[in-house]
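Pasting in a structure now, in structure tokens, and then I'll have a few things to ask.
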Amino acid sequence: MTDPQPDWNALTARADDLLRQLFPICRSITGGGLRATLDLLRKTSDFSLTEVPSGAVCYDWIVPDEWNVRNAYVADSTGRRVIDFKVNNVHLVNYSIPFEGTLTFDELAPHLYTLPNLPNAIPYRTTYYNRVWGFCLTHAQFQKLDKKEKYHVVVDTTLAPGSLTYGEARLPGKSGQEYLISTYVCHPSLANDNLSGVVLWTLLLAEMRKRASTGSALHHAYRFVIAPETIGALAYIARNEAAVKGLSGGFVATTVAGPGRFGYKSTWRGNSVIDRAVRLTFRELNLEYVEYPFDVNGSDERQYSTPGLRVPVGTICKDKYYEYPYYHTSLDNLDFISAENLVEMLKLYLLAIEKLEQNKIYRSLNPIGEPMLGKRGLYPQTGGAIKQKAASAAIHAERGYAVEAGNILYGNELDAIRWVLFYADGQMPLIEVAEKTGLPMKQLHEVAEKLVTGGLLEEVG
Amino acid sequence: MTDPQPDWNALTARADDLLRQLFPICRSITGGGLRATLDLLRKTSDFSLTEVPSGAVCYDWIVPDEWNVRNAYVADSTGRRVIDFKVNNVHLVNYSIPFEGTLTFDELAPHLYTLPNLPNAIPYRTTYYNRVWGFCLTHAQFQKLDKKEKYHVVVDTTLAPGSLTYGEARLPGKSGQEYLISTYVCHPSLANDNLSGVVLWTLLLAEMRKRASTGSALHHAYRFVIAPETIGALAYIARNEAAVKGLSGGFVATTVAGPGRFGYKSTWRGNSVIDRAVRLTFRELNLEYVEYPFDVNGSDERQYSTPGLRVPVGTICKDKYYEYPYYHTSLDNLDFISAENLVEMLKLYLLAIEKLEQNKIYRSLNPIGEPMLGKRGLYPQTGGAIKQKAASAAIHAERGYAVEAGNILYGNELDAIRWVLFYADGQMPLIEVAEKTGLPMKQLHEVAEKLVTGGLLEEVG
Amino acid sequence: MTDPQPDWNALTARADDLLRQLFPICRSITGGGLRATLDLLRKTSDFSLTEVPSGAVCYDWIVPDEWNVRNAYVADSTGRRVIDFKVNNVHLVNYSIPFEGTLTFDELAPHLYTLPNLPNAIPYRTTYYNRVWGFCLTHAQFQKLDKKEKYHVVVDTTLAPGSLTYGEARLPGKSGQEYLISTYVCHPSLANDNLSGVVLWTLLLAEMRKRASTGSALHHAYRFVIAPETIGALAYIARNEAAVKGLSGGFVATTVAGPGRFGYKSTWRGNSVIDRAVRLTFRELNLEYVEYPFDVNGSDERQYSTPGLRVPVGTICKDKYYEYPYYHTSLDNLDFISAENLVEMLKLYLLAIEKLEQNKIYRSLNPIGEPMLGKRGLYPQTGGAIKQKAASAAIHAERGYAVEAGNILYGNELDAIRWVLFYADGQMPLIEVAEKTGLPMKQLHEVAEKLVTGGLLEEVG
């Protein structure tokens, strides 16, 4: 994978545009909102769609009937709509069954969800597999409801056989290894979780595709999957089981644009190449972040990590789900996140993936004794000054002639050359060389490729 | 093993009664006192006896002649007994040969043992394999002896071919694994070391037997051994070598009723299932304790851990031998220990053994993707609230309706279910799941058994 | 290897004498100075010499033409020699090609090397493979040069086909394992780097040879190599490849007589038996030192550690190369080092090698149950006092009779016996027993040999 410097400003504008277009859509794990979202994303970078019919068995699960909403509200006896899906689609408990009727407050109340701890937020609630209906509202709204009033409830939804939609794209690579880049798409108007992940995933696909086509081909293959959370991932796995079992690792991109801390939820293995690539990325950027150990709570890494698959899947995030106060509420909106944050996270994902791309294994073609670097112009012409404290770079710059050469002209690069040669045992991946030496992975990779060209190394994995 | 709550008060009374009955008996590595002790213990919980004849070869050792005492004293010229076995059986060096004679102070002195550092304590000394006689006395007593006096010494003991006695019982189990529960019995009137261990061993045997018969059968088999220290253990091993080699681990119960700190002497391996079960027990009780690394000094774990056997054997103790000032002196008496402490330690042994009993290996019968917990009533009906900080339990309790459900109703148990399923790879023992997750082993085991019943797991080890 | 106490004073005198005789010689990677040095060393302890002809291919390298110097200087127009090889052989860039001519200051300057940061030091520079000439001088000297002056330059050297010389000796051993003791010899009048290493290497060879002949034979074989750095090591390896591949580890002795800190540069493996022997040596002496992790910069361990050889080679040093300010300058002279320091380091090397010699593997001949130590006089006759805090050594000494025996008479040695027996599983090397128990390796070895004699152990490796 080559490393063209993308136009970050253009990417930020594109991210902002996508966030604004997509935010209002009412998505769920099936239905028209999901399809509209995927169609809009495909304009940025194409991927193929699959429809999985209702009733399809995915291991222990069954794809439910497709859900669509026309309208939903609660009106008081004057006809005033006190809770209205059209004002905010989070008001309706996602996957509510159709209902129309007039209820007392006491009859209505068990169908209402609020968050007294966060009284101005509408909670986000779902009822995919429990056939009931309900409304979510702010606790402030709830407290203003007249307990003597009679309320007219309309839940004008449809729940009928249809299908669940997911998208996928595959970028081929040379190494025989394949990595997963996954995100989930099913939340209605909520921004950090999970619209930000959806947009990042799309831009990442576009960017990787560009790199694959403009530079040398990708080293590894990448499997991009966008599907409703849990049931969508399971539907995808059920149709691609062998391929998923063969994955070397991957990411679930989610909650990537909040104002809070950088975070990383590690893979179930904890020290897989994914974890190491992410840690190295943060280390090389000298960027503070929180590492969250793998947890059985979370997103689709739960499915990919089950005993029969055990794919190491991690998540780099900014304001990780569960951790920020507005999580799963209407306050997780476009004011909470920013396209700038999202693009900063896109860079992190790209840098982590670059580590995977550069993570090759080399074997020395001159395994006994050091190769003579001098005759290849890779060593100081004058000996004796390497690592000598009394010699210094300042002096060299000040005067015009050969006071001192060794560790100034070559210094760090000479170290990189020597370490790469030293560890070129045909077994140690380059990421381990970076971890052990503290030298930047990119430099090690450049040096290694130069040594391949020079006939001193061969790539063996 | 089921977990009936024992009647701890009754057990404490029983312990107290046994301690008082057994304390006065003069025990040694052979002889009548040893047999009397074992006979009395068998009334609480039966076990079989074996007599190993004097002269029997046990690897590098030979069972010595049987030793019995009728009387032993030192009298001054007025006939006053200045040291008297009948006052305290610790006065006589254990295994002293018969002797009668009149000696000057200077002739007597080399046969006397005192502890100047602890002037009111009679030291406990033995001479099993060196055929001499001697007396132990307090240093205060010693200093009062008239150096001009002539002393009449009577050591009315017998040393003659007989036998060494040990006891054993075996509780069968289903797993094919077998654990050792051992204690040594050979000390005369000394309480913490080792009468407390003898009594705990007996009550543990009784309790385990009760659990085996009233609940489901035991998961593992348990081999209970009570024998004189070193030579008794060697005699037992020599007669049961194959079985001992097959043991998965075990305990030597000793010094379990002192007023001091909880302690654990780890097995020679340091991280065997015995060590892990004990550490988990202390962790779950949030109980402070001292861990003593394995040492070649100690008790019968020395024999079971030798290169040809290598059974990991640990000791949970309260006031570990070597560590308390009264160790191997007459001040280690019934005032020093308590039946309450002993029963507290019995609980610890039972809890550690419960960890072994619960330490099963499960395999998921639904290994790809998470099983759908909702349809089994194991998941919140309303989605979106799991791990949401804005939702809280207090609110739920205060109001009567469905404000919030997920992590309150199921919370911790849901985590337990998910972790058990996640690690059900057919290889990871449940104790490792407990260690990794911090969840109580008992809860994990209950959840796992429920999932076996529900068809989601099978037990494979 | 037996451990006769050497005459350290005589060794110090011998070291001092060798340092003074050898310091003035102008050495390089080939030539007469190198041969003169080796000849002088062979008078202390003989070793064989090999001449490798110019043009010989050593893997990626070629032995260069042989270099010899008759004279070299820079004179001003009055004939005054402003830089003169005969004053200090460091003035001439080592391996300068022949040249004679008259130059302006500006023409001369690019051939001059100084250290402005250390203005009174002549830097040491080389140009083995780049055919140029140059002079090194103090920066103070340089600043006094008249920029208007014309300088007459004479570099009266020869560069012609000849050979490179190295030395070697092999001390045979019984174990089948072989270790390397290497040093490099190629620096002109520089003391700590590397004349000190050359002298230590020679005295070590003499001392080991003496021990091998006066005591029992050596346990391991030792391969002593003295060669010019890099090209000499490569020439040696090329001629002894199979033997080098079979080495179990080794040392490169260098910078062993400075006034500064003890140091250890670990082997590439970091936890090889070499590293462990050195750490144990420092631990047992309770000596502070700096551990430098393996680095691809350094000395001939770079060659021995390359992927095709991977011999773990470490360096114990005092004032490690790179670290002291006078490194590779004329100030690294006989005033900087001392023969006392050198002999102190000789002791450390001998002690570390003793650890290798004592690092045997034993198997218990009585593997089940402890052997009865009492009947072998290895255990207290009176039992009960081992590890008893109330018993004490002071009392025993004060009174004349048997107050207390166990842990006083035998104490530490009894522990050593028991640990050696405990770990005698036929697999654990004795160095690991020392690491685990904290007991001195020498004591463990003595105890083990005693137990072999007593029929309780056999040596298996």
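Here the chain labels run A, B and C in written order, and each chain numbers its own residues starting at 1.
Here is the rule we go by: a residue touches a chain if its C-beta (ideal position, glycine included) is under 8 Å from a C-beta of that chain, and two chains touch if they have at least 3 such contacts.
Because the structure is predicted, anything quoted here is derived from the model rather than measured.
A.B. asks: Can you tell me the C-alpha superposition angle of chain A onto chain B, nearest 5°?
C.D. replies: 120
A.B. asks: Would you mind working out whether chain A and chain C touch using mostly the same residue numbers, over half shared, or mostly different ones?
C.D. replies: Mostly different residues form this interface, as fewer than half of the numbers used are common to both chains.
A.B. asks: Starting from the mean Cα coordinates of chain A and chain C, work out the distance between those two points in Å.
C.D. replies: So the centre of chain A lies 53 Å away from the centre of chain C.
A.B. asks: Going by the touch rule set out above, which residues of chain C reach two or more other chains?
C.D. replies: none
A.B. asks: In their complex, what parts of chain B are in touch with chain C?
C.D. replies: Result: residues 58-61, 93-94, 109-118, 121, 123-130, 132, 134, 230, 233-234, 237-238, 241, 268, 296-297, 302-303, 305-310, 322-323, 325-329 of chain B touch chain C.
A.B. asks: Using the touch rule from the top, collect the residues of chain A that touch chain C in their complex.
C.D. replies: Touch list, chain A to chain C: 363-364, 366-372, 374-375, 381-392, 395, 401-404, 415, 418-419, 421-426.
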